[in-house]
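Please find the structures below.
Here subunit A shows up in two complexes: once beside subunit B, once beside subunit C.
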Partner chain A sequence: MYGRKGSQLVRELASGEAGQLTSFNNDLFDQVVRECNEHKLQLTSLFEKIKHDGLDIERTRNADHFGAVIHHLSLIRNKRCLMSYMYNRAEMIRSLRWKAGRVLPVEIQGKMTHSEEEYFKKHSAALESYMSAMDIDLTVDMVPPKDPYIQVRVIDDIGEVLLGDQVISLVRNSVHSLKRSDAEPLISQGLMEEFLG
Partner chain B sequence: MASGSEDTFWTQDPEVAASTDVELLKRAWRNEKASPEILRFEEPLVERVREQIELLEQTVEELRAEGKDELMISLYQMDLDRTLYLLRSYLRIRLQKIEKYTIHISKTDLWGRLSSQEQAFAQRCIIIMKEHLEQSVLGKLPDGYKDVLKQSLASEDDDMVPEPPLDTFVFCKSRGDLGPFQLDDSVYYMIVHRCKNDYRLVQKHMEDGSWALVMLLIP
Partner chain C sequence: MLTYRRSLNCARSFGKFVVCSWKELVSVVFQVTANGVGLLDPGSETNSVEQGAKIDVTFWLAQELYLREAASINLPMHFNQKTRKEVQADPECVDLRSRCPYFYELGYKIAPMVADKELGTFISLTFNGRYKEILSKSHGAAFAAVPKFLPRLTKEETNLYEAARNSMIAFKEWRLGVSRLEGASVLGRKRKPIIEREEEGPMLKKLYNGENVPISIFTGELLQDPYAIS
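Entry: the complex of A and B
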């Protein structure tokens, strides 16, 4: 049935966890694209037939014409499904930039196509150029601050880090009291966590 | 209508008497958060707030150097952090709206509401998105269906542009007594009152600043 694969693609998007990028379904995607091209072939051949029968393309309303219309409508429906699949994935990728920072974890990279990785890099660059034009870092301070200082526990061995004007040695499992804006990027990368209690 | 005690409560409401730049920023931030479409960029306000932030930073540095009372320093620091958060969040929300509705903004007069840096960012977003879609989808589709904005050559307008939903519900509050007024067939009385409305109807009042959005309620 026409459009079934397209809607399957979209349903896959909708059934995934909100905001979670799933693996790019190459097979299904290619199948839908192939369907589109087939529709186009059918469409063209039906138009040829109308011309061949000596009828006016613009005004004829016979079975061939309506057949062509159905192919056309299925085609644009498939196009919409494909675009929506790519577009929504792009939206999730953009939100990853805000949540996970510049460098994506390897598992997520594995789920993206090459084009999506390129998109992520270029978008990241555009954001950074905006932030430097405005001279303000927008990726810190994602939640309203309760306290200027925050207690953190180090998860991975980071070593010596320059924070503010002090060099702090961030050894695994050590607890430090850091300025919120210094700690945030390290927390979002998963190298530290907030120490409560 | 409310009794005397409620009236005095509202007139003491600091929102109504907002005059400091931070209060104005807070209002702009709240409006931006609740509104489905992007609002006008408050350039002079943002400039002033940045100057104040710099001043505060200098003050904190000086206090630290003088070895003053820790409590006082941390109070100034809190104030600084909170203002910085407001500014960052304001710019972030706008940026996220731009990311989402770039093409729509670039084709309507919403473009005029962006700052020049935001416009540069939006231009890049459009280019990047078009390249990405062309490379992964449109290049593979048959001729006549390759356009990114139109479904096919047969389409008259650009029918593939996502638009912000203008019929979401919002809560609004007026700054002062507006007397009776009309909003789409019903007559409302607003005396610093909160009411629930379709955003589109409220749009006009948002522009002239006589109302402020309070919350967004998604149906």
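Entry: the complex of A and C
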């Protein structure tokens, strides 16, 4: 009560590795929501008591008033913790589209709730409709390139991929010289790495 | 309940929601009685906190109560005479993290609210005493080594240290002309910065004639003259 569980939720967010999504803590989230309801009940009962005593609700400063204030403050604090949790997770999910591409690895999808997956899909769709309207891929060249071509070494077996107008067989540990904009999404997903020679 | 614009403004502040002092409990003395909040005071038999009761609450609640003149705040023990004497003796050796990980932030927020007017000066002196070492060690040390004083630093000091280290690593990478595309960190695949990996062996540079010669990782200069007749 009194904001302790809310703080725990936010602490969980802060203690994870920077920028990494953790699983959504449904239990703690629900507990904090229940606490909010509890505070609201207490708050309204104290207000009722003030009215029942015939005192002016806006100007009284008695023991009931201060109790109500404390419940109100705890409620606001809990609400802020909940919204901060959701907002920071939403930010991480948005950045996932830019860094990891349209398709998310299974282990990350398992950490998101259903509504977060919907959010990701809609954000992705909005981005793609904009990119196709402008006819430009915004998610490549995040680092200003010095050279349009890049040497890459394949880490995971990808198989045959159509890049540009050629079909290239991407076998593990093979080195290729590719166009940077083609290679960038694959490097970002961790399937290839830059080969420095 | 909230209008759209208000919720948008709220959302902007969540990104910077620094939850300092979450666990930090501050001792307050209630100047009024408060009904219905008995859970705050473990020693209370009724469901209320009596005037004059001394209880520990979280910092944000203490601040709100102080602003409404419902409670007065006692100086936390991290800022007492014992700590002050230790800091005067040798600021760099004092383990502030075990006392209070958010020493500076809690200190400057509480300074206007307690009776002790020397608190601000004390915090400033502590920081001045410790900052020199952080600055020199973060820019100079070899990157694999972890300095001994690191576990004694507060969260704010650790952030400064990390920021300086990261900027040195970025500078050295830029100096060597290494700019690499990396796998997205959000997917969890981390690689050590290229400087740390190269410290494990000499950095080699390919000359135009195909030879490999070692170069200094700090200055990028050749460590030996490739044209010397050995």
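Everything that follows uses one rule, which is that the second predicted complex is superposed on the first by the 194 of 197 C-alpha atoms of A that agree within 3 Å, B and C clash if a C-alpha of one lies under 4 Å from a C-alpha of the other, contacts with A are read in each partner's own complex, and residues count from 1 in each chain.
Everything below uses one rule, namely that a contact is a pair of C-beta atoms (placed from the backbone, for glycine too) under 8 Å apart; a residue touches a chain by one contact, two chains touch by 3 or more.
None of these values were measured; they are calculated from a predicted model.
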item	value
Larger contact residue set on subunit A - subunit B or subunit C	C
Partner chain(s) touched by A:Arg4 [first = subunit B, second = subunit C, both, neither]	second
Which of subunit B and subunit C A:Val154 touches, first, second, both or neither	neither
Partner chain in contact with A:Leu82 - subunit B first, subunit C second, else both or neither	first
Contacts of A:Glu91 with subunit B and subunit C, given as first, second, both or neither	both
Touched partner set for A:Ala14, first subunit B, second subunit C, both or neither	second
Touching partner for A:Met112 - first (subunit B), second (subunit C), both, neither	neither
Touching partner for A:Ala126 - first (subunit B), second (subunit C), both, neither	first
First, second, both or neither for A:Val33, with subunit B first and subunit C second	first
Partner chain(s) touched by A:Lys99 [first = subunit B, second = subunit C, both, neither]	second
Residues of subunit A contacting subunit B in one complex and subunit C in the other	80, 83, 87, 91
Touching residues on subunit A, where the partner in the complex is subunit C	1-4, 7-8, 10-11, 14, 17-21, 42, 45-46, 49, 61, 63-64, 66-71, 73-74, 77, 80, 83-84, 87-88, 91-92, 95-96, 99-100, 105, 108, 143, 146, 150, 183-184, 187-190, 193-194, 196-197
Residues on subunit B engaged by subunit A in the complex (per definition of touch)	74, 77-78, 81-82, 84-85, 87-89, 91-92, 95-96, 99-100, 117-118, 120-121, 124-125, 128-129, 131-133, 135-137, 140-145, 151-152, 154, 160, 162
Residue numbers on subunit C that touch subunit A, as the complex places them	10-11, 14-15, 17, 19, 22-23, 32-37, 39-40, 48, 57-58, 60-61, 64-65, 68, 70, 178-189, 206
Of all residues in subunit A, those that touch subunit B in their complex	33, 36-37, 39-40, 72, 75-76, 79-80, 82-83, 86-87, 90-91, 94, 98, 113, 115-116, 118-119, 122-123, 126-127, 129-130, 133-134, 136-138, 140-141, 144-145, 147-148, 180-181
